[in-house]
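For reference, chains read A, B, C and D in written order, and residue numbers begin at 1 within each chain.
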Amino acid sequence: MSFVSEFRTSITKAIILASIIFIVGCEQSVAPAHKKNSQLLIYCAEGSPITLNPQTSTSGTTIDAASATIYNQLIDYQPGTTELRPSLATEWTIDETGTKYRFKLRQGVEFHSNQYFSPNREFNADDVIFSINRQKQPSHPLHALYGANYPYFKGQGLGTLIRNIKKIDDYQVEIELTRPESPFLSILATPFLPIQSKEYSDFLMQKEQLELFDKNPIGTGPFQYVAYETDSYLRFKRFDQHFAYISPIKNLVYAITPDPAMRFARFSAGECDMMRYPLPVHIKLANQDDSIKSIQTSALNVAYWAFNTEKEPFNNVKVRQALSLAINRKAIIRSVYDNQAIQAEGPLGPSSWAYDNELTSTQYNPEKAKQLLLEAGYSSGFELDIWAMPVQRAYNPNARKMAEMIQQDLLEIGIQSNIVSYQWGTFLRRVRLGHHQTVLLGWNADNGDPNNFLTPLLSCLASQNRSNYARWCDRNFDQLILQARQETSPEKRKDYYIQAQKLFAEAKPWLPIAHTPNNMLIQNEIKGVTLSPLGTLSFEGVHFAQESTDIKKLPDSQKNKQEQL
Amino acid sequence: MHLLHIENLSVNFKTDHGLVTAVDKFKFKIDPGQVIGVIGESGSGKSVMALAIADLLSPSAIAQADLFTLEGQDLNRMSPFERKRLITDNISIIFQDPTSSLNPALTIGYQLDETVRSHGGGNSRQCRDRSLELLASVGIQDAKRRYKEYPHQLSGGLNQRVMIAMALACKPKLLIADEPTTSLDVTVQSQILDLLMQLNQDLNMALMLITHDFSILSETSEKVHVMYSGQVVESAKTYKLLTEPYHPYTKALLDSVPHFGMHYKKGRRLYNLPGTTPPMRHLPVGCNLGPRCPYASRQCVEMPQLKSLHGRQVRCHFPLIEEAKQESK
Amino acid sequence: MLLSLFRILITALVSFLGLTILTFGISQQATTPLHDYQSTHWFPQYFEYLGYLLTANWGNSDLSGNDVFTELLKHFPASIELLSFSLILAIFVGLFFGIMAAKNRGGWLDKGLMSATLVGYSMPVFWWGLLLVLFFSLYLGISPVAGRIDYAYYIQPITRFMLIDTLISNHNYGSAAFFNALNHLVLPAVTLSWIPMAIMARMTRSSLVNILKFEYIRTARSKGLPENRIIWIHALRNAMQSLLTIGGLQISILMTGLIIAEYIFAWPGVGSWLLSSVSRQDYPSIQAGILALSSLVILFNLMLEIMANYLDPRKRRPLS
Amino acid sequence: MNYAKVNGLSMRLKHFKAKPSWLMFSKNNGALFGSIILAAAVLLAIIGPWIAPFDPAQQFSSRSFHPPVWNQGGNFTHFLGTDDLGRDLLSRLLHGARLSLFLAGFIVLIAAGTGVLIGAIAALLPPLLRSILMRIMDLLLSLPSLLLAIAVVAIIGPGLSNAVYAVILVLIPQFVKLTQNSISQELCKDYCIAAKLDGANSIRLLTKHVGPNIVPAVIVQLTFSFSTALLDIAALGFLGLGAQPPLAEWGTMLAESRSYIQYAPWTMALPGLAIFLTILSINLVGDGLRDALDPQLNQ
């Protein structure tokens, strides 16, 4: 019976205890002091990376998580630009056929170590060959690890483009291509081709623990992996032996907060220092608040309204022109993008080096649109479907709303329209098969090369149930971009691309709508953040207001000046 | 000095329809070791009276008495806390339905123990011993086993014994037994009554026996109060009351008891009073028994007062003295 | 007692089997079959599926290819921690207020508390959570917005119960880490325990008020027991059974609240994992999440029934 | 026992109950208060589209985040302010009221109809089949409604109509259980046994005698299910699994406004308040009805 007699006292005690805990728990936490001491930077991330290996995923979350921290590529983009710079390769030469690339590798680069493994040797040519062959050769022991596929590698056709890769000596490799491909270096600089440690793989293979390879990743990057809790956090610590610089950030945490509202709430409560993918309203709020600021860089992306040129009446160029003239894009940019984007005139934005400055803007002109429709023989108008992508992307925060606005505009020239939407996977599949009449979609570049826009979005090959959703195929256009791809001189390439853009502007397979800049919110005491036009994240140069900047180990002038590029 | 002396105890209930009187000017005296009965139909206010004495009324009830002394101490002048203390130390009460009067979720032993402990029973071992002793004293054989059992495992009679044992825990000077046998089997009834009488003798414990059954009082109590609609209608020595009721209601009650054996007459109808006890919130004008009384006359529109008559008290304009005499002739 | 225990267990088992049929249905939606089934017909496949479930082989995620069961185990402790803290909060605070109201029945405290609980149990959890965040985190700034612990503390996951890990793992933050974790727990727990707390208070009050009318309470009073003892032991002990039955309904409400609170507070538990799996259409994970949360409900109900069985001596055989 | 007399008894009981129920209900202040709010909500839902000042989808892009009238800078054009896209909140709330209340009503009616039918059939089934059916219902009942709805939505995909199906499915078991229980109980009562002895067939028994006696319980359940339906639809909308923007559904509006809780708190407060008040009024009415109609609690 003692249970009962003690019952009462224990309840009272528990209640008192609970209230004490509640009160104490509500007290201001002691964390900030700790935070300063540990030189901790918290980055509010938008999702849980599915994997920490950028080879196996094209998801931005994975790229942000792994490429800014764990890995380095052979070549790199200068932070904040699309300019190439040496990374693990210090210099490179391309032979006159344009198919043989020889890379000289950096010496004295160390790999991370973790509780399973500590490296016995420094980075060398074996690691490069290992990392590329992992993606290229199905027979590679790691190729089929976790049933991985290599979407970027395959998507770019690198498997066939790269004929072979061979070791010249410990610090030299040669990659031979099947054909000249000028964007190849840009591709190598993307985060999708990180260099991993062959020694680690051999070690794990020996211990038969190969599954740890991507889960406890080892790389050469500025931060090394500590822990990952799905949906919660991703934790890194500084890698003091990094070849290029030592960041003042000792500890780096990705606080995973998928919901943008909650992410902003956390950010504004000071729970994180940097925040990606703010909504337009958050930028507005940040501008009102003195303790936080928003930074912005123009980005290589485009949102567009594509017409299915295989279908009536969109096979008529006059109809496409009429539709393009009928849309008030200024209003769209104001309401959908909250004026945070610039109006697009072609597939390439002004931040691309091949941008055609002389491209004439398509002016909003419903009268002319009606005129053109009349000429095309559709004076009484027609009905069309607008497929609006169901998800939110940086380049299009609200496709549905955009569709509603287009719907209104089309009514003015006498065209009735319906908005169609499916679940994202279904939507993409059907659009790929060409079920749509018109579709609102967009594209985000993954490397700085113009080819990255023109080939996947507008080439004939891509019109065959692939990512050319206008299903537009113009042999001249194709010829131009092929020539540009095989040409190594930047000036000549630019010429080809400008011609191609002119062809596009005449044919109007889509109406380009907007180029959205990349945004990031940061706390005021965080300095030196640079945003990449490609949307990739980098912590290089990031420091706290009261601390010094990176300790640079490499001179800035160590840019590779090469004759061919 | 009386053990308990109450003058003009009234109990009123606050209800949606205003104050309702449940007990009206109840007078009561009891001496140590005395057995006094209270009889009345259900709803006559006898249980409320008992609860008022034991200070167990619900908060919606207001109890007042002109005089309320227990062992010579005036309870009216005490704080509620002191009063409660004095009452629980001196008065115990047992109820009609023993099984529902015991907490079903606790063992007999636990309930006894806590009673003993709350009356200064010492440590748990001592409490336990005392509890077992108490159980034995009320005639429960295998006390040790019963100690561990729950009320639902015991029969009604045993439960009532447990209740009595619990009531004895504080060594009360007065035990109020509110219909202690009503819900029990007939054979058990007499056992319980025997037990109560025995305890009354052994411990010199006064007993207030509340019942609706004359047959119980006839053997046990010295004096009987008859209650009707919250009022005492007649008080007398038991045998006098049984043989010679003055009040029409007492007579009616007595006549409704079936007779057995030599008293049994074939064809004799049991007497029953027409109508039912009036609800407390609309009592008739004047005498409460008025509408049901076969002897009622115009005078009964006035409330009769309790008056002494031949050494007993009766509340009637027309006590049945003559009639009783005539009958006896 | 054994017999009724057996009956309770069988009921729970049947519920669990029914549940697996549902999750089997969900798992069939996956793009690639969850397991290598030997048979082609769905009926024998179901039994194979059961076998896989029992051997902790719950399939691999459609997206990440990770073992779903391992993922689940990673998320489960966070949910349990939040759930149990909220449950304790709901029970004790609810009981406390219910008793306060019952003691003062009819009084202003009673009326005030009961109106408050009425408001409490009509509160939509998702709105309530937002209001709390707005007020305590963003306006007053005394409570964190999200997460389980401040990231300045690095606590190595051992049990994955943050409160326990802060106590047992090796770190040099002292008790600050524990209180920080507690601080993070308070707001989600209040959000999610709000409705159960209100219901608990109401039910405690009504069953106490009912029980206080019983005869054995009068007996207890006649024995001169203090009022507190009467309420806490005599009345509450008997009220416990009806409260336990109500408790069974609470877990349902708590579970609903859990999913929403985890979503609002970015709490890395099964609920938020389930929701993100739904939006990713990752059927193996959805299947696992639903199976886990529902099994928890079944298990909880099972425990309650056993407890009710134990608490009611009328159902229990003597332990001789 | 005489059949007619039995019938008379049940009739009399009903008659006896009806009047005090209404009296009890009308004397219950909370219930009265609840019914007034609920009636107002229903009225607004019906006439809302006519009194709404604007089209709920109309965007005044120059007037986004216009504060409500009691805030600084607010005016009567947009009485309750506007949201992120400059849509009039009052109009959206009124349209939302219609959507939410009508949907909840529709869901509850369908669920109750189906549930009562299944329950009645179950009561007539042979014991084995019945217990199997009831086990299934028990399982569905023991699972949290939102979890079940999420499971359904996971299979058939998000969207308002799918959310509606899910919530209907979630609510049916309650009615099945209730009906089956009450019928079994009623069938054990003396008057039904008597009627059976008199040769009344099961269907007749159910419709004539048992039916009227379970109506109060079903009505009480109906009100509580109504609040569950409303809440679940809103919760699914909030979690992004129910109604999709730009539909003016309260839960969805709340989810959309989450991003602006610091900037424009009213966009979050108002839809929530609407849900809260409606649920509160339904609960008050439901409590009142239960107290008035449930004979066990009638004492």
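We adopt the following convention: a contact is a pair of C-beta atoms (placed from the backbone, for glycine too) under 8 Å apart; a residue touches a chain by one contact, two chains touch by 3 or more.
All of these numbers come straight from a predicted model, not from anything done at the bench.
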Between C-D and A-D, which chain pair shares more contacting C-beta pairs?
C-D
Name the chain with the Cα centroid closest to the overall protein Cα centroid.
C
Farthest CA centroid from chain C: chain B
Measuring centre to centre with CA averages, how many angstrom lie between chain A and chain B?
91
Measuring centre to centre with CA averages, how many angstrom lie between chain C and chain D?
25
Intercentroid distance (Cα basis), chain D paired with chain A, Å
46
Where the centres are mean C-alpha positions, what is the separation of chain B from chain D, in Å?
54
Two or more other chains are touched by the chain D residues 158, 258, 261-262
Identify all positions of chain B at which a residue touches two or more other chains, and write them in rising order.
106-107
Where chain C touches two or more other chains at once, by residue number:
133, 138, 229, 233, 237, 263, 281
Over in the complex, which chain D residues touch chain A? Could you list them?
57, 59, 61, 65, 84-85, 157-158, 245-246, 258-263
Which chain C residues qualify as touching chain D in the complex?
11, 14-15, 18-19, 22, 25-26, 29, 118-119, 121-127, 130-131, 133-134, 138, 248, 251-253, 255-256, 259-260, 263, 274-275, 278-279, 281, 283, 286, 290, 293-294, 297-298, 301
Contact set on chain A toward chain D in their complex
259-262, 264-265, 268, 279, 281-282, 284-285, 331, 334-335, 400-401, 404, 423
Any idea which chain A residues touch chain C in the complex?
4-5, 7-8, 11, 14-15, 18, 21-22, 24-32, 34-35, 38, 40, 42, 48, 50-51, 146-148, 226-227, 229-233, 235, 251, 253, 255-259, 262, 265-266, 268-269, 271, 423, 425
How about chain B: which of its residues touch chain C in the complex?
51, 54, 56, 84-85, 87-89, 92-93, 95, 97, 100-107, 114-115, 118-119, 148-150, 152-153, 163, 166, 169-170
